[in-house]
Amino acid sequence: MPITRDEVAHLAGLSRLALTEAELEHFAEQLDVIITSVARVQEVAADGIAPMTHAVPVVNVFREDVEVPCLAQEVVLSQAPAAEQGRFRVPRILTED
Amino acid sequence: MTELTAMTAAELAAAVAAGEVTAQEVTKAHLDRIAAVEPQVHAFLHVAADQALAAARAVDDRRAAGMPLGPLAGVPLALKDVLTTADMPTTAGSRILDGWQPPYDATVTRRLREAGVIILGKTNMDEFAMGSSTENSAFGPTHNPWDLSRVPGGSSGGSSAAVTAYEAPLAIGTDTGGSIRQPAAVCGIVGAKPTYGGSSRYGLIAFASSLDTPGPLARTVLDAALLHEAISGHDPCDSTSVNAPVPPVVAAARQADVGGLRIGVVSELSGDGYQPGVLARFGETVELLESLGAKVVEVSCPHFTYALSAYYLIAPSECSSNLARFDAMRYGLRVGDDGTRSAEEVMALTRAQGFGAEVKRRIMLGTYALSSGYYDAYYGKAQQVRTLVTRDFDAAFEQVDVLVSPTTPTTAFPIGERADDPMAMYLADLCTIPSDLAGNAALSVPCGLAPEDGLPVGFQIMAPALGDDRLYRVAAAVEAALEDRWGGPLLAQSKGLGR
Amino acid sequence: MTDLATTLVPYDEALARYEPVIGLETHVELGTATKMFCGCRTVFGAEPNSEVCPVCLGLPGSLPVANRAAIEYTIRIGLALNCSISSWCRFARKNYFYPDMPKDFQISQYDEPLCTDGWLDITVRDTVGDRQVRIGIERVHLEEDTGKSLHVGGATGRIHGADYSLVDYNRAGIPLVEVVTKPVPGAGALAPEIGRVYVTELRELLRALDVSDVRMEEGSLRCDVNTSIAPAGSAQWGTRTETKNVNSLRSVERAIRFEIQRQAGVLDAGGRIVQETRHFHEDTGTTTAGRSKEEAQDYRYFPEPDLVPVAPSPEWVAQIKAALPELPAARRVRLQAEWGLTDLDMAALRNAGALELVEQTVAAGASAADARKWWLGELARRANEQGTELAALPVTPAQVARVAELVSSKTLNDKLARQVLDFVLAGEGDPDEIIAARGLAVVSDDGALIAVVDEVIAASPDIVAKIRDGKTAAAGALVGSVMKATRGQADASRARELILERIAAS
């Protein structure tokens, strides 16, 4: 089932990418080819196989609750696109949290 | 190219330590070389001449004060621009980070500095390490020194080209699906992917967290081993860092003896659609190893045929999440903030302009694979396939000590040839991906030129996790025997910028 | 976004026709010294963006490393809530874009929480008496907090109408434990109170565990309330709404109550409840619609690849369990037995917020009876007058114990004791200092007292006559006069003795 332009628009929205109409069409075509190809994984019988998420089978890696020096405020804000009153200034937020 | 730039890292380190040459002289020679060839190669995004000379002076001062020097002190290095440097900008090859100055060094960066290695600058790469040709860089491609109209491979193309063009004897790349080994192969140099977790990811701008691995690029196996050791080891800042002794790769590189070693040729990785010259050189190298005393058998790893598909689900999924932080709020590019737009709009506009096409494709692919309703069939299934790939490796390593294959199905392709065909581009990673999925160690060593185009072919060696030393033992044997046959290093045969 | 005309059905009416089901999600900021995944400090009120590092700022290349103490605190909470502790679980990424989230994903837990399936018993007041309710705990999991935004330009400082926002990431990365209850059906009219009492009990439990300072006003304890209603007798539960910005215990109760009334109004009018997030307003006690959850956010959860699984060993869990302090419920049982109180007495103490104060007063040397008398009597009255809580009064348990002791030793009588406490509350110092400065001790010198008694006797011949007649009760009036004459500083019972003696003797 080919991936549609609307589905790509949905994905673009979810990932905060403002794509043009032309891009949406173009990406839809390309993504369709790719998804069809990678869907091959579904051919593999994998009942009862645990998914792998770590090459390294290690557990319980912790740090102790001890202070470590942090960054200075000027350094933190030095790369900010906009700053005000020691804070990062961002455009008005639409979605409520 | 002066004498100094033709020397290996081991030779340079020895010369500096012996006082035959100063680190500053070595650094200057390489900076000159960079200036001479960069207009054609474009391996570097940023050359830090002042910092490099200052670091070199510090090494010279240490030596003058009679203090001990590490095995690579005074040796210049090119650092892939995906690792943070507190005194140089870091872009990950992307417009979205153009001009970003990190406030901290990556652990790999820090270890290099502590070792007295001289960081000459940051090298070009496919944007956020996504690609196999370095054409996805926002700052223009890098050119293969063997043939400037061709790609140097990717995503560590800049690092690979820099070493190949004698701009530095050492370079650091990162390997997620083959991004160290494949560039090394198409550039005719040595490139290794350590065991996942063997080298720290702290300060490595993440592409795919469960796959990314920093590793060495060099012109000789010994040089690669020395660099491999210098950057490896447990890091408490990286939870996935391996807490085990670094495998003895340098000792293994000096050992170069494969008598009695069991070698497995992976049947699923030596076949259809590969360039004939690649297969020919590969086959000859296998025979060579047999003649040196290794026992060669064929081994089947049936799930390797699904490895590419699994990888192109897992890596995009992780990257779709890792790249979310580039939202124009705290650093990097911000577009469209004219007082009328919302944060959401500014985020979307910035990311649309700041990311290239391949990055956007992978973000959307990853978002798709993780979506509710699709997770089980795509990401979930891919992770299961990954377990099966790992089990194939485990079973194989019961029978053999190392597995081998061509590093990549073709030699360096022309710039532009695959740029519009993502799937064709992905095929470059066919042979390298399985080791990334399993987290195993793997290495590419040059094994000759393809007769049809005179371009380098790489021989891939794969070892179990924490078996990195086996790679160097086999690679050193191959290198010694082949250089003997060739009468010198492969690079000497280059008619391009190699000489 | 404003609601269409909201009809509120009167509460009792709503409860007559609908059955509410509630659930509570509580976020607790842990009181660890450092953040969840890095070594930055977790202090409150620091200069903005001065307690951040590459990790909690989510800078490119940064990586998280889990804080062992935070894991331990979470297990402690789970054990105290009778949960099962997972033997192997992972963190997961919850992906969504928001400016206060440095990575635009939150490291949390999804389908593998650290603790599951527990309970907390609470007691609520019914029309017939006390009722025990067992609140099921679905899960307790661990995650990281976000930064904080100030919204500039709007009228109320809220997002609506703001021109831009200012973000401080000091709070980003502070460990947050989320405690989620199972739905609580069958609460009926008690639903709002059950919500409030649950949060109260949970808070007390968390304080006893020493894992958080649980200050709702500072945000270290945050509550979201889920409410749904269904027609009485129906088999299915209704659609629930989630109400946020519930910043006090009283708000928990008010929010539930309002939602029940509002939802009843919607259903009565033939409408349907939208599954959404609502915002509670302190000033009006109402909720308004926020983000619609109809199209539920797809967080695309997947296991966090930068962290390894957490597998608490049985030994570690046993260690934590053994080190659990006495929990509030057990402590209450013990104190009730020690003090010989009835259930009603205990309830009175708790309702007045006097339990700890009485305990501390007893620890300072008073008897339980005396401690109760003072805290539930005089001091409760004063607290009511001032509109404050008992604990907020400027008098310490030690001071109350001292006053009780002074009364027992007859240095003070009741009336004087009350005066002394007044002066303590006024900030004049300790009881002994006040007594010395103001000369408030009971007059213990018989000589001075006899003189006053004689005067009073002489001034009240008719009362004296009555007493001579055998009506000793009349002595009370003379005692009153003596007390007045001595400005309350006589020992009343001694005065009475002396009065009868002197009358008999004359």
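Note that the chains are named A, B and C in the order they appear, and that numbering of residues resets to 1 at the start of each chain.
Simple rule for what comes next: a residue touches a chain if its C-beta (ideal position, glycine included) is under 8 Å from a C-beta of that chain, and two chains touch if they have at least 3 such contacts.
From a predicted model like this one, the values you see are computed outputs, not experimental measurements.
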{"item": "Interface ranked first by C-beta contact pairs", "value": "A-B"}
{"item": "Farthest chain relative to subunit A (centres taken as mean CA coordinates)", "value": "C"}
{"item": "Chain centre separation in whole Å, for subunit C relative to subunit A (CA means)", "value": "40"}
{"item": "CA centroid of subunit B to CA centroid of subunit C, Å", "value": "58"}
{"item": "Distance from the mean Cα position of subunit B to that of subunit A, given in whole angstrom", "value": "24"}
{"item": "For subunit A, residues contacting two or more additional chains", "value": "14, 16, 53-54, 56, 58, 61, 63, 71, 76, 88, 90-95"}
{"item": "In subunit B, residues with contacts to at least two other chains", "value": "100, 103, 210, 236, 239-240, 320, 324, 327, 329-331, 339, 343-344, 347, 367, 371"}
{"item": "Contacts with 2+ other chains: residues of subunit C", "value": "54, 57, 65-66, 97, 99, 163, 165, 167, 298, 300, 305, 307-308"}
{"item": "Subunit C partner contacts - residues on subunit B that touch it in the complex", "value": "83-84, 90, 92, 97, 100, 102-104, 106, 201-206, 208-210, 236-240, 317-318, 320-321, 324-327, 329-331, 339, 343-344, 347, 367, 370-372, 375, 379"}
{"item": "Subunit B residues within the subunit A interface of the complex", "value": "100-101, 103, 195-197, 210, 236, 239-240, 242-243, 303, 306, 309-310, 312-313, 320, 324, 327-334, 337, 339, 341-349, 351-352, 355, 360-361, 363-365, 367-368, 371, 377-378, 380-388, 390, 422-423, 438-440, 465"}
{"item": "Contacting residues of subunit C [partner subunit A, same complex]", "value": "32-34, 38-41, 47-54, 57, 65-71, 88, 90, 97-100, 149-151, 153, 159, 162-169, 277, 279, 290-291, 298, 300, 303, 305, 307-312"}
{"item": "Subunit C - residues contacting subunit B, complex", "value": "54, 57-66, 93, 95, 97, 99, 102-105, 163, 165, 167, 298, 300-302, 305-308"}
{"item": "In the complex, subunit A residues that touch subunit C", "value": "14, 16, 53-54, 56, 58-68, 70-73, 76-77, 84-97"}
